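Just so it is clear, A, B, C and D label the chains in written order, and each chain counts residues from 1 on its own.
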């Protein structure tokens, strides 16, 4: 076992680690800045891998299992790389009442895609959000950051299919 | 800066505004943005520039105007016209008609009950000011209350004023705000904290997001006044990471307030200092519970701990901590500015002031409304909300999200206040109001909320962790026609146990959607049951 | 410590009892030989109030209180046994049994298990809800110990003893709700953990057969927990 | 007074509970003065009799066959006893539940078979998706946990039932005993 009590250097010279290091420095490398740091890493890299978690744990002097426990407690954090495209379906009450379950069912039937999963070709990740706050437009999805409302199941299926075929 | 300098900013801003005859306000809150109000705003600006009208007409982005279902919304401040469903293509016509007859095709009447029956305190500046400009906020009376509190009132006087106003926590439970402040102010300890809970987690609720997107300075002002009253030097706003726009505007507002000396060291030249940091939530509903929220701010898993000790005594870092939600803080400045007596004249006997609701589901006017406490539910749904679309009939309204309940037709004349709603088996909650028409299946609705609680349970205490899962399985069996009367009996038993024995509010209230639908729609459950032998076969 | 400790008097089940200020209801009950069931609580570790089996009533208050974290107050009347409490404790225990795969007959801790003992003590002859039958792993990668997630009740004693007493913090909880699970380091096999000292404290504080020593066959795994109050006391003395 | 009519059955279990029953030794003779054993693995009678007073069930409900049997026994009995952990909790037989029927059958009849690997489809009654405790199928009047329940406990249980009382067993036996 390696025993190294100095603050570790970033896993690689990828420039994005500079952002992460700066964020930790701004918070004085306090253990309490763990969640803020995880946010920064995810923003920079899209997800949290083992390397990142080990680096953060050593830098903030938080036990490995605790970092992992925090990262898996909060649904906002992802431990696997996301697909090229993200389809986030709102599952808030208004969207539920107005038919999101049917959209989810359609995606599962068509692509065997369940919330939290990515298609095997790595093209599309399906996620759910508790409420994106656009209840007036229910049911709502966020396609790569763009909020789209009043959706029907086949519209979402077609959007995913276009993504899979590299059409926009 | 000192108070006079702030007042100068306000005066200059008002003067500058008077010099421009036309103001076009485009809603740039999340719902309108999602239907491309940013493009509308750009088109309008281009059009104004093309016609060389920059001096006579200003186009600005403002916060939420409320009627989200008709977005994008554009208002012409001087003409008093409101336009709905505006697209970029409409820009030339809108600019053409400035100061003349409004464009009929796009007009949205402001005489309708949706606008007439509201009473705006928290949202008074939403849709009016540019949330990205502190000067706009100041010109509209922002930070007046802070100046008043810091220069003319002692901390106990501030607390007394809030106490006398009768304001109760808007996060759901309705605890008297003045009492909470007074408890924290009396707590022994050097360092105290103020936390603004903006982890709005109820699915179908977007009040706090809208306030932060539309008028962030109002929230900061409330927090600063609270910090002055209880003697805190540090504060956090704990906001959902799912609200990027609200976070951006909040951060901008903090920077602006710091620049003007409204936040930070020696506020307004007084000895009082207060710093605010933004902390991002990460998708955990349970973090709305105050001890879980504190754990999360401290960088840990958001698991609640048993109370006492309450945060007022031992909160973040073990220090006395005041936690209020966004809407509560947004009420503070108006109370200080206009007095407790004015505030307590609004609302009902035990519930003072107004309440913001997010109206959604099967209702014509979806969006954000603010109404005086005590208003009957019927008025909200059928006048302000304009009733049920597609010729369907009303079945129930869900308030309070996963901790609340469904209220049926026969109770629609109930006044909206904390006590009346809890008597009906629901709660005020943070303000989500989801309307369901006669096509909604109430057992499925109950299953939906149980699924939510199950996936949001932190897993610490056994009754909530396992009980929500078992209840969800039972509800699923009932929906799928695989359950017998024994399953329904077990469901009711588990509701009782989980409610009475869970560690925190999430578990204690998780059975509410089941209990309230059982209370009013028991027949729907029973009609799905099959006999015992059948149920065994389908297992 | 200050020499002036306030003494409180109150009642547990109609018996007059006294407590030092700051003592929990559970501590006072145990000093007086009054039984309150517990599962996540263990003397010498911090209390979490998670299993809810130690709930008691306080006369005049509608809520229930976990005795392990509720401090004694002057004049209160604590009720540790009532029809309501018996029912609630039993249902909670049934929920715990329904959660994972507790098969007592083939467990190395059979006969020495706190969960099993409680079932008997609370008169739980069967459970009246459905078992969940989740699919869970057994981690036998460690040289000397085994972690069987099928028998884990998420009491977190292992996490607490590893963090508070041993200081290694090898264990923690991942995920949440009914999917929460005890992990070592980055959810790695225990045997590959870089932080585990192999001290075995977690094994001995585990109330069930989730953490056990290797090489034991059914019913052979008796646990030793006497070391815990001793270690805690010695550490306090040093401070 | 006429003797009580007793039946026993052995579903998905190891027969240990019946062995324990036999371990009552000479007390069996005492019981025989009060009850007639009419059906079960210990007697050579193939049909389930009617009007039973007491039925002891060993084992979990695992197959279509078990299902039929337990339903019929319930219909024909006054007091139904879940005898032992398998009947009470599904116990060891339930350890297959998280794997699914197909992989369990493959493991037993293909992967571990030296001769003629293949899942039999005629001799073996079809397995249910889950092995389940008896009370999930039919109402149970008395639960006797234990793996197996000791002979003393079985004796006590039967004596109480003969006297028309429902026994309290909490002090005497438990899961896994």
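Note that in this section a residue touches a chain if its C-beta (ideal position, glycine included) is under 8 Å from a C-beta of that chain, and two chains touch if they have at least 3 such contacts.
Quick caveat: nothing in here was measured; it's all calculated off a predicted structure.
Comparing mean CA positions across the assembly, the chain most remote from subunit C is B. By number of C-beta pairs in contact, A-B leads when A-C and A-B are compared. A straight line joining the Cα centres of subunit A and subunit C is 35 Å long. Rounded to whole angstrom, the centroid-to-centroid distance between subunit A and subunit B, based on C-alpha atoms, equals 25 Å.
Chain centres here are Cα averages; for subunit B and subunit D they lie 58 Å apart. The mean-CA centres of subunit A and subunit D are about 51 angstrom from one another, to the nearest whole unit. Chain contacts: subunit A has residues 66, 69, 73 touching two or more partner chains. Residue positions of subunit B with contacts to 2 or more other chains are 284, 301, 458. Among all residues of subunit C, those that touch two or more other chains are 128, 130, 173, 175-176.
Per the touch definition, subunit C reaches subunit D in the complex via residues 97, 101-107, 110-111, 113, 116-117, 119-121, 123, 125-128, 130-131, 133-136.
Subunit D contributes residues 82, 85, 88-92, 94-95, 97-99, 130, 133, 135-136, 140, 143-145, 147, 168-171, 174-177 to its touches with subunit C in the complex.
Across the complex, subunit C is touched by residues 1, 50, 53-54, 63-66, 68-69, 72-73 of subunit A. Of all residues in subunit B, those touching subunit C in their complex are 284, 301, 305-306, 308, 454-463, 465-470, 473, 490, 493-494, 497, 500-503. Taken in their complex, subunit B has these residues touching subunit A: 30-31, 33-35, 68-69, 71, 201-206, 209-210, 241-243, 279-285, 296-302, 358, 360-362, 366-367, 398, 401, 432, 434, 436, 440, 445, 448-449, 452, 458.
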